[in-house]
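Once you scroll down, you'll see the structures, which are given as structure tokens.
Presented sequentially are two complexes of subunit A, the first with subunit B as partner and the second with subunit C.
What follows is the complex of A and B.
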């Protein structure tokens, strides 16, 4: 399949952290209209197979550019930075302390008088910290300087911590909903 | 040699020929078949004018064929062991799952190695797949008779929340019934298609689909003919049947009886169903039940009934809340709510759903028929009858897919609500020094622990060269096709050792079992089988010839060198000749050769499509003659 491998070029979007998500969705739909296997259902098996591959590539491209975390990791990998999860550690002591405190807060929220309000507060705190990190990440990702990119990777790992925490908050919310 | 014929540019070589395709709604309680005729989609009736086909199969001893539909349903309480009702609830399920449905099921189950239990009947052991195939066959025959020709295929609907095993079992049933499956389509998506095309609406839809035995909720966005499923959720073992069971339990409670014999159980459930139906239009229903010469009489008020079923309805609303969250949409952003499935006729369901979404739900299209109608519309498009149709369905997988890692934990590879088709790879490594094999265990579900997820398949990657632990790099690739079916490959990157499986879930049937059943289902032997294979190969050859002829006529001169064009045209003529013969192997070979030869041409056409899609013009606005090949955009690298 000769389809473009670089996701940004595929969607004809500038190669940067900020993405116009409305435009992304629109281009995605336009491309699926041509590439989706349903368009080839009455064609030969080989064409159907090609369409499945092309369409899967397109879905992967969309998923990558739609999620801020995956988009940042993808930009870093395009710049030659290894973003492999298994090598990841965060050595920022203050950050790790903050994480531990937030997690304790989550535990407490579960048993609070109004658990939903406590969780909402926690979520707001988390969003504040995330916004800061995202801002610096955005400018760092414009650089080609390895030192700056290494800082960007650090920020990305921190954002991944926050993302995990967010999932846990949502899970607790679901649990409470089910009671 | 005869001169080759070349059609006028832009014209298909053959005059447009309408292909016969149907949409099938294979329901728990009732099934339907629909098709598009003269641009209108409608369900097909049997000779007596009835559209619904009860999903009930009754088996007889001897040579007598199985009975499907109304007559079978009427016989259900008289002959419960041989009359299979609501078989959809057993599809892709193991014995333990089936038992946990909580019903007092009136069947004799036979445990098998494969996992899906067989049902013991006078006609022998029947797998749920075979029972479903009997229903599908009846529907396909109805389509065949009504349309007066051979069907190119069918779109078969499944609950959006069906897992891999249940989808695979459905596809196996179609295969067994001799039906070419154009696509497995999620029921709520089918309903959205029926409504979307009816009202040409744009916006965000919620489709609430409560059938006899399954519940689905889908949130989807409609934008210029593209139906994009944002999220889906539900419960594949919750439906209107549960309302019947709630009534039945209440009756038993009133009578002070603990358990019933199979025959009585069926009779009580029939009574419960009729009470439920009465309460859709009345405030109270009188009922009486005779047991062992004792007669019991009572009345159930609408209010009491609502109380009995409310917990079940609330269960559906919890799934709605989760689906909204997954879609990133608030309830008040939903522009339309659509009701699907016979069980949405229950007034209390409508009331609670309306309250939840703050929106009066639609049910203009008969909730029993809307899914089949949507499926027929999609079948018409997939069969190639509407080459210029704007309509496109972008669906998602309902449940996450992952692998077992150390400690009985599940590592998710593809998250739920990911658009399909999708391919995703993840790397894993060895745990011990010198480890030469790796067990790959594929799972589906949202939970963290292996034991809480559904086991789909296990296979092994062997022949990894001995290395220190953590040095081997095994890349496992998950591929999900447009039907939502999964294939998994594992490859050790240093050595290139590879292993793969088409994921045949433990609860599906092995290829051998299917082959045997197909053989069994033909009363005649090999000749029939050959005739069938020949017919299949001829259809495939025709499909290729036709597709290639129209492609060559449209773009051949523009995209191909004269030599290549001549060679392909010649190949087409050759396949046409071979196709006239009776050797199916020769035809298969011919198809393979011509497909391979036309590969590059197909790729170029696809690239053209991409270029046009991105240029923001509809295809019909472009005049190909004015496009220079040199202005291919950067995005198309060769």
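What follows is the complex of A and C.
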């Protein structure tokens, strides 16, 4: 059995940044059933192996489309953009200055009179910036113009910094909860 | 993953953490970030009239290896000329700290940061 390679086609979803996650989960469960190992228990070893591989592909497809960041990177890769960021550095001064400031604010929030309120404010600020970036990313990802896609990749990278910051904020919240 | 003793030492006792006035004519500021891990690094140098780095400071929000890499660079560049500092390679940093392959990008970040600081100083004093 062959499994569809393109994640969007696999789940019969439009190839775009916005994804109906309820529908995604529903289609995932339906596909998962067809690949369940029990159904292949009496089949040949080759078919069992193929089912396992297809199942792994299906899980990878779900994880990719579920995460907005991974979904955006996947869309860019479908359009031929190299999204490997492992060896890239960002040098957009104004943006990095903002990131630095937000992290300093996070440090300060720890020692604020009401740390939870300070963290909440920081989170709101972060969500505002994220929403803006996501909005432009969404429209940029509809384009096939390399210049626009390169801007999309920039926005994706920026969103990765905000994602990290969100994790940091949540970590501090957990630490404070444990006190 | 286990950190090397060198990384732990710099991580637990980071050298030269701090901030200089980035408007100071003698100060060069380099800001870099790694999208892969969301690390942000600021590295600053203070340069004498003879073109020698007198002082260096850094602030890094990131993992232990990123902090250790930037801490090590600030130690190394003190007393160097700008040209010498510009020749620093990330491989020297990763070797000194015995960074594992998945953390090599932290040393790349530190190399990019010192290069950016030098470029900023030269631009100011061009």
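By definition in this document, the second predicted complex is superposed on the first by the 166 of 179 C-alpha atoms of A that agree within 3 Å, B and C clash if a C-alpha of one lies under 4 Å from a C-alpha of the other, contacts with A are read in each partner's own complex, and residues count from 1 in each chain.
One rule holds in what follows: contacts are C-beta pairs under 8 Å (C-beta built on N, C-alpha and C of every residue); 3 or more make two chains touch, one makes a residue touch a chain.
The shown structure was predicted, so the numbers you read here are calculated from the model rather than taken from an experiment.
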Partner chain in contact with A:29 - subunit B first, subunit C second, else both or neither: first
Dominant contact partner of subunit A by residue count, subunit C or subunit B: B
Partner chain(s) touched by A:176 [first = subunit B, second = subunit C, both, neither]: neither
Which of subunit B and subunit C A:163 touches, first, second, both or neither: second
Partner chain(s) touched by A:100 [first = subunit B, second = subunit C, both, neither]: second
Touched partner set for A:53, first subunit B, second subunit C, both or neither: first
Partner chain(s) touched by A:41 [first = subunit B, second = subunit C, both, neither]: first
Complex contacts: residues of subunit A adjacent to subunit B: 1-5, 9-10, 12, 27, 29-39, 41-47, 50-57, 59-60, 62-63, 170, 174, 177-178
Residues of subunit C defined as touching subunit A within the complex: 31-40, 42, 59, 61, 105, 108-109, 112, 116
Subunit C partner contacts - residues on subunit A that touch it in the complex: 85-91, 93, 95-97, 99-100, 103, 157-158, 160-161, 163-165, 168
In the complex, subunit B residues that touch subunit A: 19, 152, 182-183, 223-224, 226, 228, 318, 321-322, 325, 378, 381-384, 390, 392-394, 418-424, 479, 481-482, 540, 543-544, 547-548, 591, 595-596, 598-599, 602-604, 606-607, 609-610, 612-614, 616, 633-638
